[in-house]
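Provided herewith is a single structure, encoded as structure tokens, for subsequent inquiry.
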Amino acid sequence: MVKQTIVPPTRILIINPNSDDSMTRLILESARRCASPDTRVDCVSTPEAPIFIENYLDELQCGPGMVDIGRRESGDYDAFIVACHSDVNLDVLREIVDKPVVGIGQASMHAAAMLGHRFSVIQTTDHSVPMKEDLVRRYGLWEKCASVRAVVGNSDSLLGAVAEAAQRAVGEDGAEVIVLGCAGLSGLEKEIERRVGVPVVDGVACAVVLVEGLVRCGLTTSKVRKYRPE
Amino acid sequence: MVKQTIVPPTRILIINPNSDDSMTRLILESARRCASPDTRVDCVSTPEAPIFIENYLDELQCGPGMVDIGRRESGDYDAFIVACHSDVNLDVLREIVDKPVVGIGQASMHAAAMLGHRFSVIQTTDHSVPMKEDLVRRYGLWEKCASVRAVVGNSDSLLGAVAEAAQRAVGEDGAEVIVLGCAGLSGLEKEIERRVGVPVVDGVACAVVLVEGLVRCGLTTSKVRKYRPE
Amino acid sequence: MVKQTIVPPTRILIINPNSDDSMTRLILESARRCASPDTRVDCVSTPEAPIFIENYLDELQCGPGMVDIGRRESGDYDAFIVACHSDVNLDVLREIVDKPVVGIGQASMHAAAMLGHRFSVIQTTDHSVPMKEDLVRRYGLWEKCASVRAVVGNSDSLLGAVAEAAQRAVGEDGAEVIVLGCAGLSGLEKEIERRVGVPVVDGVACAVVLVEGLVRCGLTTSKVRKYRPE
Amino acid sequence: MVKQTIVPPTRILIINPNSDDSMTRLILESARRCASPDTRVDCVSTPEAPIFIENYLDELQCGPGMVDIGRRESGDYDAFIVACHSDVNLDVLREIVDKPVVGIGQASMHAAAMLGHRFSVIQTTDHSVPMKEDLVRRYGLWEKCASVRAVVGNSDSLLGAVAEAAQRAVGEDGAEVIVLGCAGLSGLEKEIERRVGVPVVDGVACAVVLVEGLVRCGLTTSKVRKYRPE
Amino acid sequence: MVKQTIVPPTRILIINPNSDDSMTRLILESARRCASPDTRVDCVSTPEAPIFIENYLDELQCGPGMVDIGRRESGDYDAFIVACHSDVNLDVLREIVDKPVVGIGQASMHAAAMLGHRFSVIQTTDHSVPMKEDLVRRYGLWEKCASVRAVVGNSDSLLGAVAEAAQRAVGEDGAEVIVLGCAGLSGLEKEIERRVGVPVVDGVACAVVLVEGLVRCGLTTSKVRKYRPE
Amino acid sequence: MVKQTIVPPTRILIINPNSDDSMTRLILESARRCASPDTRVDCVSTPEAPIFIENYLDELQCGPGMVDIGRRESGDYDAFIVACHSDVNLDVLREIVDKPVVGIGQASMHAAAMLGHRFSVIQTTDHSVPMKEDLVRRYGLWEKCASVRAVVGNSDSLLGAVAEAAQRAVGEDGAEVIVLGCAGLSGLEKEIERRVGVPVVDGVACAVVLVEGLVRCGLTTSKVRKYRPE
């Protein structure tokens, strides 16, 4: 077996679209847990963004800060991740940045599609279910999606509520894989997997390994039409 | 920035479903080019398989050998790759193996779906176009697929023929990304990319970085229903 | 009214993909019940195949025996039927045989699509539901399918269990037609029809009359691309 | 091998929705060519219907006559066929008749779906292409349909024009099977098949063998909801 | 702000496909409630049509009378409405009339698609659910449709029964908008909206304002192919 | 015939998402041409927005100004229109405003779906074709869309270029209706209609009459889930 060539470390910047620094720390922790040893991962909060992204106005309001980060850091990183499971402003970043940009929603749902017959996405609010359904359709993954479900909230903890919704998705909707529908759930995947008995996919982890891979393959966003800046 | 923990090397076994050792060497070369330094990649030909996989009988005939490899090596590797772009016998391997198993067709088309508006797949034979169309539909990626095209063969080289078909896919079908539809094309991606001006995705490379990522995330095939052995 | 010309009898070979001779006898009995008087129907078990087909490995393992039968008997029969409702190895047989080849899954679901608004398929195991869903999609019949359901098993008999699942499909899923999802259920159709009150389609019967018809029309598999041997 | 039981002859009534008796004779001729020796086939023109069905008003105007035939003959036949490739008033007949009723459009397109990767339908007028596309979608067969094409009319004969359109469908649209899109083309199928090299499906022939089969299987239209008269 | 030019009043004829004059009056009342002051709306019953449209035979039987009305009144009106939520014989009218023709089913479902994530249609009979599902698919609006539901009939009034079915569609099927699936429900929309808390769309009202708009924009049915009379 | 009640004038505010006042005047002119006499229509440019919207960044940058307008004018108008054919920031406005909000893309494509078999959209730039395709899919209108085409630009005028692209859509793609894919084309519809011979739909006109209708019917955006502000 031949020895691998030494390559310089891959530098990944994760953009947390909201301004909650504790969320940023949580995301970074998850990211580093699964990153390759030769990868440098950083995560930044988005200045002047809302503290939590839950509707269309929030998505808009975190946009300018995200664009500033993308432009400023474009030269210093090899790849970018949008760490909100609704993949907010992902298209804008792809347009203004020359490096690969992936959303944690997209990364997790594409991975889930390869792990079983169909996946279900668990949302933390009922309000966000239609938005996630739109995203699934937009990615062309509707046929692989058993359901998008919100936590019901009878449980005394977020972990319990997500596990219960996941259990119902498996039992009632035919899901074979669970996708965590919010960056804030990152880190719960292994415990839910233990409780429910099917693979549980966290978008932060998936996006990190996916962009590492894209960088290693020398692949980036096509600039031929859709994402051509002008 | 904290230091990453040292992890033991990920061991990946690539199964070349045919019995052509020169193809096996080509695949391994491509695989190692993009694998992480801390990954050990091996590739084996399938004994008693046809020398080339081009029809349904070939797919069936390489099955027993692939199953033998999967069973025998299951304990020694962390992940498996089926290195034929038709993803032959992928479902069987997922059923008998407890580790993640990915096909190069699936890996490349899911990656392509994240790099631009729509992708086209270039096949080396016209005969295989319907089979690849079936595969695209089965993965639920039809809406992201601009076309499946065969090389026309006016060119004096395989490289030229693939580049020409890719050029037409971009110009006439609206493709923004090209997927190489055969493991035997592995290694041509950068030159075609240079000629055509859009990202060109090689399945071997994609599959390697994808399974590395799945292993790092601790994800594997759901065994709850579809891929439960009995 | 003119008299019909006398034609030589149509010879149909039903391949039971498993090695269970009692199943073979059951299939033959069903087949003959509905065959035209001028049709000769035979049914063979597949040597060295598993005793029951329930997963991907089983499908693979019955392949070589089915190919042997197809090749050996190709000259002696006018049409072939694959008598497993998952239509295992149907594509291979179409490729190697010049006569029409039909699967009982395909035959029954296409017939059901013409008998009512939507049909449901009743499986004997929960494990096989995803595989049957894949098959429905592959045949493009998803829009005509109300559901694929497994028997629940509270009933004291297979007949009772299938009838109960069929009743639920009609009442809860909007099915207007029931398809028996396993060759082993052949013969139960009329009793279930009596209990549930909607047409119940048995694949063996459907496939027999369908291939008789194809032979009479002089139609066979297109060999222009997908099923061209080389 | 056991002897088949003797069954009384199956009686099929083909309703030609228009009032053109020469078309009625042509249809009957095609039907008898492929009918089983033990089947009695009759064909009637529809009184007070237009001489040719080519638009929505024509479809409406042949309705009352078709209903009269269905009601009057319901007791004397085992199955009915609507012999216009647009399957005009098929739903009404299913509603008022207790026996199986099949349209030649439906029968031919379902059969074609089982003979190759995708089929194309050849229409005699450009005007009828959208209507046929609607029908394909309504039957859920869109994914199996390569194209609906009208004859171009440069040829000096109808046969030549259909063959030319069929040839284009195979060469340009990827069709592997051709469906004749009008009852008036019945009888041309073998000559076009000879010229184009792929199976050519005539709806009259297909419908006859299909309803023979349904009768033999004891299957008829579900009356549980959609086709319940009141 | 400039003054609008005075235009002659738009004249709309609503065709009630059945022969129930009390229904005709109800429809006219609803229509006038939402019509523009400068619009003249009339409504006619269809002579010799059934008193209520609930199956395919009824649809056929109201056809000749509708055609007579369309032809006779074509010169005197600027637009036509078919006031049955199944849009019976809409295609025929489009073919024979040069003015815009809209069905209340189509108008209400397109409007509903613009008011929320997904809509549900409430039918007065279970029997008509499959027909409405066919219509939704035909209009290409399946993805925007949460469900087609029939009233259950536990309620002591039609209003109560529709409201209850609507409530379930919102709670269980994820509907955000309700469409009244029958012209006979016209006028109940505001009370149901009050009870259920989501927009409730009445087809008569929608169709009136839609055709007013089409007339004002100078738009009418394309006569280039599908609706060309000959 | 009863007299209509006098209603206060409907007040519509059209938001031109860009900052080009000449475009704003053009839009207002088109809007008033088709508005009802009893409607008051105003149109505003968006302060600090780009002069033209052609990519994702532009969409984001016109967002804050649009939100300001929506909030400030919410009390003074009965309905809002987003006058960019990509329907930029339509979801945000629906969320923050209690009145009906419609985009000219959505309005024109839904109207076109009711005027013929399939419509084509003509874009002024090739770059915007994928974005418009995404929009068509998002509205669930893909099956009704023959093609999205960009002007080719051989013509010496915009009018000529659009007419040529429209002609090709009709001749090559089977379009029966043309949709103008940019607010800047508003006013050309009648001349293109004259040249091409099929209905040509302008989004500004369609949106005006559509929101007039929604107001008259008392319908507005559902606030039950997707568009609920918090």
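We just call them A, B, C, D, E and F in the order they show up, numbering each chain from 1.
Keep this in mind: a residue touches a chain if its C-beta (ideal position, glycine included) is under 8 Å from a C-beta of that chain, and two chains touch if they have at least 3 such contacts.
From a predicted model like this one, the values you see are computed outputs, not experimental measurements.
The set of chains in contact with subunit D as well as subunit F comprises B, E.
In terms of the stated touch criterion, the partners common to subunit A and subunit E are C, F, listed by label. Farthest from subunit C in terms of Cα centroid separation is F. Of all chains, the one whose Cα centroid sits at the greatest distance from that of subunit E is B. Rounded to a whole number, the gap between the C-alpha centres of subunit B and subunit D is 43 angstrom. The distance from the centre of subunit B to the centre of subunit E, with each centre set as the mean of the Cα atoms, comes to 51 Å.
The distance from the centre of subunit A to the centre of subunit F, with each centre set as the mean of the Cα atoms, comes to 33 Å.
Across the assembly, subunit B contributes residues 117, 129-130, 134, 137, 143, 174, 176, 225-227 that each touch 2 or more other chains. You'll find the chains touch as A-B, A-C, A-E, A-F, B-C, B-D, B-F, C-D, C-E, D-E, D-F, E-F. Across the complex, subunit C meets subunit E through its residues 117-118, 143, 174, 176.
Subunit B contributes residues 129-130, 133-134, 137 to its touches with subunit D in the complex. On subunit C, the positions that touch subunit B within their shared complex are 54-57, 59-60, 63-64, 67, 89, 91-92, 94-96, 126-127, 129-131, 134, 137-138, 225-230.
Remark: subunit A residues 1-2, 4-7, 32, 34-40, 42, 100, 102, 106-107, 110-111, 113-117, 139-144, 170, 174, 176-177, 190, 197-199, 201-202, 205-206, 208-210, 212-214, 216-222, 224-227 touch subunit B in the complex.
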